[in-house]
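As C-alpha cells, here come the structures.
Next come two complexes, and both contain subunit A; in the first it sits with subunit B, in the second with subunit C.
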Partner chain A sequence: MTARTRKKSSLKYLLPAIPLCVFTLCFFLFPILLMVKYSLHHSLPYGEIERIFTLENYINFFTDIYYIKVLIKSFLLGLAVSVVTIPLGYIVAYALWQSRGLKRKILYICILFPLFTNLVVRLYGWRIILSPAGPISNFLQKTGLAEESVNMLFTWPTIVLGLFSECAPYYILILFSVLTLINPRYIDAAFDLGATRLEAFFKVIWPLSLSGVISGGLIVYIWAFGAFATPTILGNAKHWTLAVHAERQILSLRDWPYGSAFGIIILLFTLLIVFLQTKLLKRKQIYREI
Partner chain B sequence: MKKTAVHLQNLTKKFNEVTALDNITLEIFNRDFFFLLGPSGCGKTTLLKIIGGLEFPSEGSISILDKDVTRLRANKRNTSMVFQEWALFPHMSVYDNIAFGLKKRKFDKKTITRKVDELLELLHMAGYQNRMPFELSGGQQQRVAIARSLAIEPEVLLLDEPLSNLDLALRQQMRVELVRLHKEINKTFVYVTHDQTEALSMANRIAVMNMGVVVQLDSPETIYKKPKNEYVAKFIGEANEIKGTIVKPNLFVADSGLQIKVPEQDIPTDSRVLFVVRPEEVHLLNQEEELPENHFRARVDTVSYFGRQLRFYVQLVDTGNIFFIDIFSTQLKADIHPNQEVLIGWKPSQTFCFQG
Partner chain C sequence: MKQVWDFKSFIFNFLLITVLILLLAPLLIVFISSFLDKAHLSWPFTDFTFRWYVEVFQRETWVKALTNSLIVAGLTTLLTLLICTPAAYAITRKTNTLTGFLRTFFMSPIMIPPVMIGISLLIFLSNFGLRGSYFDLALGHTLWAGPIVLITMIAVFERINPIYNYAAQDLGANSLEIFWQITLPMVKPGLIASAFLAFVLSTQEFIIGLFLYTPKTIILPVEIYTAIRYELSPAISAISVYLVGIVIIGLFVIDRLIGIENVSFSGKG
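Up next is the complex of A and B:
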C-alpha cells in the first residue's frame, strides 16, 4: 500500500466522527471560549459588561484572600472525599469482584440503585435522615447517647458524607472493571509462595489495580472539587465551593466577567489534576499490556 | 521401603451437593514423578489444590512427610504449585517473581540474587532477570513459573497442566526437560494432566481418575498393558471393543457370533463382557507364517495414512465386525488397497475382557 492510499483510507475512517466533532465544537468548545472572552472583560454595576481587555478579574481573584481560602477549601474537600471514598469504595469493589451469582447481583443493584435517583432528591433524603427531627437524632436520644436533638446538617463532615455517597458508585464501577482484568490465580500463587492474605493483597492485587484507583480517585476528586449541589443543600455559606461562588457571582450578583473567571479557574485546576494523573499513570501502565 | 511424601486418607471434597472427590486414599512416595490423569471434571485439579492447601477437604486427612497438614493453608505448607496459565505476577520482573517467595523467607539480598541466578541457570534462562513477563514467550514464562515455585525449595512440586498452553513442539521439548529437572533436583513432583501421552511418557506412577475416585494406580506400563477396567482401557490408548458373552473360561462369543480365544480370567461363564484389543496388537498376517490362535478373514474398508503409521479399517468377512489396525509403514511389505481381502489376527494374551 502506498503512503497516499493509506492516508486516504485513514481519513475515510474519520468521517463518522464528524457529527460528534461538530457538536463538541458548537456546544462545548465555543461556550468555553465565550466564557474565556467574558472573563477578560470589565463588569459595570447592574450587570452590564464593558468590552475591554483586562486581567482584573483574575488579579482580583488571586489577590483576594477570601477566594484563595475558598479555593483551598475546595481542594481540601476534594481531598477529604477522595481519602474517604478510595479505601471504602475499594472494599466494596473487591467484594463485588470476589462475589459470584446472586450475591454479586444484589451487590450490583445496591451500587447502581442510587444512580437511578435524582441527585437533588437524594440530597434532600440526607437532610431528612440527618435533621434534628430525623431518625438518627431520635435513635441517639432514645438510647440516651444524646441528651437533646442532634443536628448534623450544615457541617463539613456531612458534606463529605453526601459527596461520598454520590461519587462512590462511579469509583466502585471503574475500579471493578480494572479488578476484573486481574487473574484471581495471582492470589493463589502469592499464597502458595508463602504470602499472607494481606501480603498477597498489597504486593500483588493493589499494585495491579492501582490504575483503577487512580482513574476512579481522580473522578471522585474532580467531582468533589467542583461540587455544587451538595454544598448548597447540605452546607451553608462557609462551606461553599468555588463552583457555588461562580453561580452566585453570575446569577445573584450579576457579575458575569468575575463568575466566568471563576469557571475558567476551576477548569484550569481540573485540567492540571488530569495532567498530573496521566503522568502518574504512564509509569504504572506498562504491565497492563498483557 | 520407600518413604511417603504425600499421604491422603479417606479424602472427600464436596462443593455444596456436588461430590468432587469421593473417599480417596492415596500414597505418593518421595521423589515420585506422580501423575493424576483424568478427563476434565474428574477432580484431579481439586485434589492437587487440596495437596497444595488452596482448597480444604470436606472429610479425611492429608499429611506431607509424616506431618499432618490437613488444616494448614497454602502459605504454611512446603508445597508449591505451577499453575496452568503460570500466573506470573505481571507487574514484577523475572527476578522479582522468582524472589517473591524467597523474600518471604527472610534470606539476605545476596543469597536471593545467587539463588535466582542458579534457578535461571537450571532452567536455561540465565540473563533474563530484568525482563518483564509480557516480554517473554510462552515457553519462557513457563520456565520462570517453574523457577518461582522451585525457589522456595518445596518438598512437593505441584504442576497443574503446565504444558497445555504451549504448542506441540514446545510441549514435547518441555516434557523431556521436566523429566531431566525431576532427576536433577530429586524432589517429589505431582503432575495433573488430561493428556495420556504426557502421563505415559513422564510418570513413574499414574493415578487414573474418574468422577472423583482413583480408578487405577500403577506404573505407566501396567496401566497401558493391564488396565484394571473398561474405563481405563478406553481412556488410555485406543481400543477395538466388542460386546458379547463369556461361554467358556477362555472363549468369548460376540453378539455377532464371532468366537474369540481369550486368556482365562476370574469371570463366571455366561456373563456379559466387553472384549478389548488394542489396534497395534492386531496384525496383518501372511499365509506362510504360523498363524496365532485368533485369526480372521477381513476386507479392507479404508486406509488412513499418518506418516510413520497407517490405520486400516477392516470388516470381518464372516461376522461383519469392524476393527481398526495400526501398522508402522516400515513394516508393511506390500501396498494394501480398499476392498482387498486380508488375514488379521492377534495373540489371546494381548486382549482383555471386562465384566459390566
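Up next is the complex of A and C:
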C-alpha cells in the first residue's frame, strides 16, 4: 500500500461509524433540539400546546423566586456532593491503584457491583437503613442516645449521602484510569530524593492526577446537580432539585413547554460547568508546562 | 521501610473501609431483609424465611415487569452491539482530531443528566406518535448503555496487534475480509462481554425508563420505584434481589471473558 492510495481513501475507514453517528444524531441531538423548540411554545390547559414562539417559559422561571431558590439549592447540592466525594473517592482510587492481584480484583468488584446495580434498589436499601424502624434508629434508642425513633430520611445530609454512594463509583474509576497513567519512576525518584510518603503524594501524585480529579469531580457535580432519583426517594418536596421539578412538569402536570424549559435550563448550566472545566484544565496544563 | 504501627495508614485504611461500607451497605441490607418473615420491614430482623422468593412470582404485575425488563434488555443489547461494534472498530483505526471528536460526540449522552434524555426522547417519540412499544425503551437504554459499551469495545479493539491486519492486507484481503476473518474472531470474547454489559446496564436503568414506559411496557425498576413509595416489605427486597442477581451473573461472565478490570470509564469521557 502506498501513501497515495491511503490518502485517497482517507475517510473510508470511518464508514463503519456511520450507524452510531446517525443514531446519536437522530435519537440524541435531534430530540434535544425538539425540546428546545417545545420550550419556546405556549402551553394551554389539559396538556394542549399552542405552537407559537414565546419566551414566557423562561421569563416565568427566572421571575419566580421559588424556582430561583430551587436552582440555588441544586447548585449547592452539587457542590456539597462534590466536596464529599472528591477526597473520599480519591482514597479508594488510590488504594485501587496501589493494590495488586486478588486485592485489586476484590476492590474492583466492590466498586463495580454498586455502580451497575439499579439505583432504585440502592436507594431502597438506604431507606431501610435510615427509616425510623431501621437498624440505626433502633441502635440509637437502645444505647440511650435517642429517646424515641429517629427519622433520618427527608434531610439534606441523607440526600448528600445517597448521592455520594451513587456518584462515587464513577468518580473512583475515572480517577483510577488517570492514576494508572502516572509513571511509577517519578514516585521512585521522589523517594530517592528523600521525600516522605506525604511529600511524594502532594508534590508528585496529586499534581499529576489533578486532571482526573477535575473531570471526575465534574461528572459528580453534573449528576448531583441534575439528580432525580435520590431527592425523590430519600427526600420530600423541600429537597426537590430542578430535575425533579422538570419531571413533575412533564409527567404529572403535563406542561411540556414549561418542563422542556426546565430541562434546557439544566442543560445550559451543565454546559456552562463543562466549559468552565475545560478552561480550568487548560490553565493547569499551561502551568505545568512552565 | 514499613513501620509496625503507622497512624497515617491506619486513618487511610479506616476511611477506605468506611467508603466501601457506604457503597455496599444498602445492597447488603436489601439482601438480608429479603429473608425476613414479616409483612413489613422493621428492626430487629428475626425469623428468616425463603418464601418471598417464591411468592413474588405470584404477583402478576411484577412478573410482567420482570419479563418486560428482559425483553427491553434483549433489544438494547442487539441494537447496541449492531451500532457500537463497527463504530468502535472504525475509531480505533486511527488517532486524529476527527476520531477524537467522534469519541466525545458518542460519549455526550452520558455526559448530561439522564432526566434530559428521558424528557427529550418522550417529546420526540410522542411528536411522531411512536409511544407504547418496547422499542422506545430500548432506544433510550441504548443511549445510556451505548457509550459505556463503546468505551469497553474501544479498549478491546485497541489491544489487538495491528500486525495481523497488515499481514492480511499484504496477502490481499480487503478491509471487509480483514474485519470479518481476522479482527472479529480475535475480539469475540470482548464482544460477548460487551453484550452482557449492555444487557446488565439496560436491566438496571431507571430514569429514562420512568419517562418512556407505558402501562403495557412497564419495567421492573419503575415498578419497584412505585412500590417503595407505599411500603417497605421483604417482598420488594426479594424482587430487588432478583434484579441484582442479573448484575452478579453479568459481572461474573464479563470477568471470565475479558477480566473485570477492562470495564472502564475513561477520564477522557
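We take it that the second predicted complex is superposed on the first by the 272 of 290 C-alpha atoms of A that agree within 3 Å, B and C clash if a C-alpha of one lies under 4 Å from a C-alpha of the other, contacts with A are read in each partner's own complex, and residues count from 1 in each chain.
In this text, contacts are C-beta pairs under 8 Å (C-beta built on N, C-alpha and C of every residue); 3 or more make two chains touch, one makes a residue touch a chain.
None of the values given here were measured: they were computed from a predicted structure.
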item	value
Partner chain in contact with A:165 - subunit B first, subunit C second, else both or neither	second
Subunit B versus subunit C as contact partner of A:247, first or second or both or neither	second
Which superposed partner A:20 touches (first subunit B, second subunit C, both, neither)	second
Comparison of subunit B and subunit C by subunit A residues contacted	C
Partner chain(s) touched by A:45 [first = subunit B, second = subunit C, both, neither]	neither
Partner chain in contact with A:101 - subunit B first, subunit C second, else both or neither	neither
Contacts of A:195 with subunit B and subunit C, given as first, second, both or neither	first
Of all residues in subunit A, those that touch subunit B in their complex	183, 185-186, 188-196, 199, 203-204, 207-208, 286-290
Subunit C residues within the subunit A interface of the complex	8, 12, 15-16, 18-20, 22-30, 33, 41-44, 82-84, 86-87, 89-91, 93-94, 98-99, 102, 105-106, 108-109, 111-124, 127, 139, 142-143, 146, 150, 169, 175, 179, 200-201, 203-207, 210-211, 221, 224-225, 228, 232, 236-237, 240, 243-244, 247-248, 250-251, 260-261, 263-269
Subunit A-touching residues of subunit B, taken from the complex the two chains share	52-54, 73-75, 79-81, 83, 85, 87, 89-91, 100-101, 104-105, 132-134, 148-149, 151-152
Residue numbers on subunit A that touch subunit C, as the complex places them	1, 12-17, 19-21, 23-24, 27-28, 30-32, 34-35, 38, 88-89, 91-92, 95, 104-105, 107-114, 116-129, 131, 133-135, 137-138, 161, 164-165, 168-170, 173-175, 177-178, 197-198, 211-212, 215-216, 219, 222-223, 225-229, 233, 243, 246-247, 250-251, 256, 259-260, 263, 266-267, 270, 274
